[in-house]
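In the two complexes that follow, chain A is the common piece, with chain B as its partner first and chain C second.
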Partner chain A sequence: MKTSLKKIYTWINSRVELDDLVQFMGKKYVPINRHSVWYYFGGVSLFLFIIQVVTGILLLMYYKGSDSLAFESIQFIMSKVQFGWLIRSIHSWAANLFILAIFVHMFSVFFTKAYRAPREMTWLTGMVMLLLAFGFGFSGYLLPWNELAFFATRVGTDIAGILPVIGKPMLTFLRAGEDVTGATLSRFFGIHVAILPGIFIVFLSIHLLLVQRQGMSEPLDGHHDTERKVMPFFPNFLLRDLLLWLIVLNVLAILAVFFPWELGKKADAFASAPAGIKPEWYFLFMYQTLKYLPAHILSMDGEVLGVLLFGAAGALWTLVPFWDKKSSRGERNRFINYLGLFVVLFIIVLTIIGWLA
Partner chain B sequence: MIASPEDTPKAPEPEKRDFLKLILGGGIIAWLASVLYPILSYLKPPVQSEVEVQSVKAGKISAFEKDSGTIVRFGNKPVILIRTANGNFRAFSAVCTHLACTVQYRKDMGVIWCACHNGKYDLNGRNISGPPPRPLDEYRVIVQGEEVVISKKS
Partner chain C sequence: MKHFAYILSLVIISSGLVFSQAQTRVDQCVSCHNDLETPEAKLFQHDIHRMKGLSCADCHGGNRYAEDMDQAMDKKAGYIGVPKGDQISSMCAKCHGDAEKMKQYHSSLPTNQFENLKESVHGRLDLTGNARIAQCSTCHNAHGIVSVKNPASPVYPLNIPATCAKCHANPTYMRTYDPSLPVDQLEKYRTSIHGIRNKKGDPKPAECASCHGSHDIKSVHDAKSSVYPLNIPATCAHCHSDAAYMKQYGIPTDQFEKYSLSVHGVALLKKHDISAPACNSCHGNHGAVPPGVESISKVCGTCHALNADLFSSSPHKKAFDERKLPECETCHSNHEILTPTEKMLGTTADAVCSRCHTEKENPKGFIAAQQMRTLMDSLIHEEAKAKMLVNEAEQRGMEVSDAEYKLRDAHQALLQSRTAVHAFNEEKFAETVKPGLATAALVEGEAKGAVEEYYFRRMGLGVATLIITILAVSLFLYIRRLEKNGKHKV
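== the complex of A and B ==
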């Protein structure tokens, strides 16, 4: 067995020089410091993404992307297909945990200033993937074609529509027409299962390649006088990673089994929006903020101003490696910590208010 | 054999090179445009001709309780038909002017209410509370014998 594996290795090695890669892997080290725990969240996000790809492909085997069949096909998956309830529930839960994991990952990178030079591109590709993850969440939410999804899509695309200049064409493009109809569902389906994964994979590859190439970032407040502690990536860090992935898989299984994802009522374009309707939790803080804005601010629609402000804030956040020069020079920048803390508190408080309202 | 300087191909004249660059650059842009144009046009949903609905029959008077609201299909748009406590009929577009959710009649509050962002309209369709920026569009209700007919306001 061993010799035949060795033979295969030698055969491939003689063609593509695998030795270099193996040597590189063997020399890979992960720094040990008091912030090391945050290194795991990128891996957890990656694992949840893999789960989404696998369960998503499985759902594709039975899902039907049309307004007259979508809801029924998910009913079928959940009641007739063996383990269909499990696959669908895991897909929904993992979607939420995925967003949560990338939030934790992003904030840990922000607070440890790991975005600073020379890792600006890793941060940027990560932010693009966060945006794509929102796109995944928004487009996937409509696919069961239930009441909540229908109105969430109506509101979400309407918000896109109020933007100046690009709003109207974007609304028509997203809805595939004036209203949310079966055409919108087909379009969202295509976006969710083909366009977004395709783009995501490109950014994910660049992101991972950069991490491999540059190694892990170390916090600025590391004690440089004492000897730097490291851990070999292979196998020490990898095994810890895998153990955590196993734990996450278990958490997912528990959630999916004991808190199965509901399907709700089938969407009806001629029914009123149900009481208590809310967007997904990761959109709640924006939803709640928009609720507080008056209808008109300085002759502008309150909503338009709110959306533009969120856009501007998001852009500033994304560009942090370029305006936080201090961190890139290796100096302490307390402002970043306060800003991060403010954003975290803002998101948490408004999410809770939105949840309870 | 060693190539003499005369044998090596000369770099093209600057003007000639600029011209070639222009042709190449222009060619690439034209090629991109010829690829992107059909794709973008494809993504733009075709306008489908719809029969312009002028009026619809909502049903018999007896089908609508006093102090209640019903969503009625008006072409491909939802319309809310309200029968007030004293038996009068009113109809408005059921699409909230805020972010396009479908409104409902709230008996307990005596208002037209949108569940999405807590917008409220009075029974004349005027926005009275919450984020809606405009009143609801009004429709005309005519009672022909036993039949309730909703039509567009001209």
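== the complex of A and C ==
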């Protein structure tokens, strides 16, 4: 067996010179410090993305992206296709865990200031992927074409539509018309299964390449150690990653079986919106904040100002490697910690209020 | 003496003046018009208003005591001539809308007639757009007005149909206001029991105003109308539930009570479903009569068409005709038609079949009724069982919408079987029930499968979790072994 594998390796190596890569991988180490646990959330996010791709492809075999067939095709997947219920439930649960893992990963990077030079590009590609993940969630939510998704999409796109100048064209572009219709479903379907995955893969590749090339960042307070503790990336860190992936897979299976993702009622454009319509949990803090804003602030529409403020805050957050000069110089920056803490508390509190409202 | 002569002459002169003045206060309008023998004057001689001391000038204005015609009919004296349009009703309402004035004449009449008229369908503007469609005089006449209790009154019960028909039987006139409104009401009314008795001189049976009201007549489409579908039963019951009023006619007075309990009454009166039949749906409205034995199935068949058709081609048709049994009514009753259940079918004590079909006298029908009931019971039982299993699967979070949809087919078969009963043909009945039984069995199978699948999923999860856990533990142990030499240092 070993001989056969070696023969195959030798055959490939003689053509693409694998030795260099193996040598590089053999020399790759992961630092060990009191923040090492956060390193694993990048891997968990990647694992959940892979699950999304695999289950998404399987769902594509039966899903029909039209307003007259979408709901029925999901019903068919849930009731007739072998393990269709499992695939759909895992796809839905993994989508939510994926966003959660990205959030944890992003905040861990933020608090350990791992975005600082020379890893600005890694941070930026990560932020782009977070936005793309939101796009995945928003577009995928409509695809079952059920009542909740239909009205939540209407509310969500309405919010996008209030933006000055670009709002109206953006609304029309997203909805493929004036209102949420079958054309919106077809558009969201295309965005969800072709456009977003295509763009995401590009950024993911850059992100992973940068991580491999630059290695893991070490926290600022670790520099005082006299000697650095490390572990080899291959196989130690990878095996630890695999162990965590197995645990996540177990959690996913339990969630899918005990809490199968409900399908609800088919969307009816002429029906009145069901009570208590809410966006997905990861948009809830923004939605709830907009609800608290007064109708007019300084002669501006409250909602418009809110959306613009969220946009500005998001931009500032994304550009943190460029304005946090202290951390880049290796100095402590307590402001970043307080800012991060405020944002985390803000998101958690507003999400809980929104959930309970 | 001189003083006495002076006082006497004063008394004589003043008495003469009073006498001559009394002579000049003769109602010159009445006096002249009586002399002229005008039709108005003739009619007015018997007018209730004249009896009460009113005169021409009370409506037409002017100076009733002036001998000179120009002075009598001087506009400055308030003379208005012949009142036109709304002036007529307003003139009547001056007294009839004033409770104090009416008290002076010891009248017990209501004083809201004009207000009611204005709100009524007749209070809408006429073709000219300047006046209401009907004025008081349209129905009551102008100069020969007599009490409504007087048989000479156009609004006396016996005369009302003809009074209303003056306009309502005139197609040319009615077309100008409501082309869709029929104009044969009087013709139909005369064929009704009400109309026949009315014609014979009985003022008690219903005429137009009994059902439609008098001054406050509303369109039949107006929910406030006494003949709006929801209000019809109460309108009819006004007389038909009054035992004292109906005593002389010898008919029951519990129809409304029974109807209220019936499937039709509940639908109309409680659920406010205006498509549900009211009294007039079966009895007719203007031509109201109890449907004859031979026409009951036709009357019921206007809504229950399929049941009526099946019955007409069933062996029961001939048997019922021979025995002069009213078709639908024999089993379902008339006013108190309850929701039919499977209990009506079969040979049990509460089944209607057993009233005629006994094991000894009519074994064929007896057996057929028994078998049909067995089939229906099976379908009900199987449908309920399938429904219970579908609910169980649904409660366990299983996707069973397809089974739920099919369940509707089983229920549809049950509904169809209730109609198919009316063919009283065992084979045809079985043809309707069997697809329902097959569907129920199919749904039952699917629902059972879903429940089994539920347990399979849990078992599958257990196995998968065990495998993953073993893998994870093995991996953990492998990592530990790999790292037993401690951390790498660089």
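We take it that the second predicted complex is superposed on the first by the 355 of 357 C-alpha atoms of A that agree within 3 Å, B and C clash if a C-alpha of one lies under 4 Å from a C-alpha of the other, contacts with A are read in each partner's own complex, and residues count from 1 in each chain.
In the analysis below, contacts are C-beta pairs under 8 Å (C-beta built on N, C-alpha and C of every residue); 3 or more make two chains touch, one makes a residue touch a chain.
All values derive from a computational prediction rather than experimental measurement.
When the shared chain is aligned, chain B comes close enough to touch A:Asp301, but chain C does not. Using the contact criterion defined above for the overlaid structures, shared-chain residue A:Arg240 touches chain C, although it does not reach chain B. Using the contact criterion defined above for the overlaid structures, shared-chain residue A:Gly167 touches neither chain B nor chain C, since it reaches no partner.
In the superposition on chain A, A:Ile32 contacts chain C only, with no contact to chain B. By the touch criterion defined above, A:Gly190 reaches neither chain B nor chain C.
With both structures placed on the common chain, the touch criterion links A:Pro219 to neither chain B nor chain C. Of the two partner chains, chain C is the only one touched by A:Ile254; chain B is not.
Of the two partner chains, neither chain B nor chain C is touched by A:Gly264.
By the touch criterion stated above, A:Asp158 is placed in contact with chain B alone, chain C being left untouched. When both complexes are aligned on chain A by C-alpha atoms, no chain A residue touches chain B in the first and chain C in the second. Interface residues of chain A, counted against chain B in their complex, comprise 151, 154-155, 158-159, 172-173, 175-177, 179, 183, 269-277, 290-291, 293, 295-296, 301-303. Across the interface of their complex, chain A is touched by residues 397-402, 450, 457-458, 460-461, 464-465, 468-469, 471-472, 475-476, 478-479, 482-483, 487-490 of chain C.
Interface residues of chain B, counted against chain A in their complex, comprise 43-45, 48, 71-73, 76, 78, 80, 94, 98-104, 114-118, 131-133. On chain A, the positions that touch chain C within their shared complex are 29, 32, 75, 78-80, 85-86, 227-232, 235-236, 239-240, 242-243, 246-247, 249-250, 253-254, 257-258, 260, 262-263.
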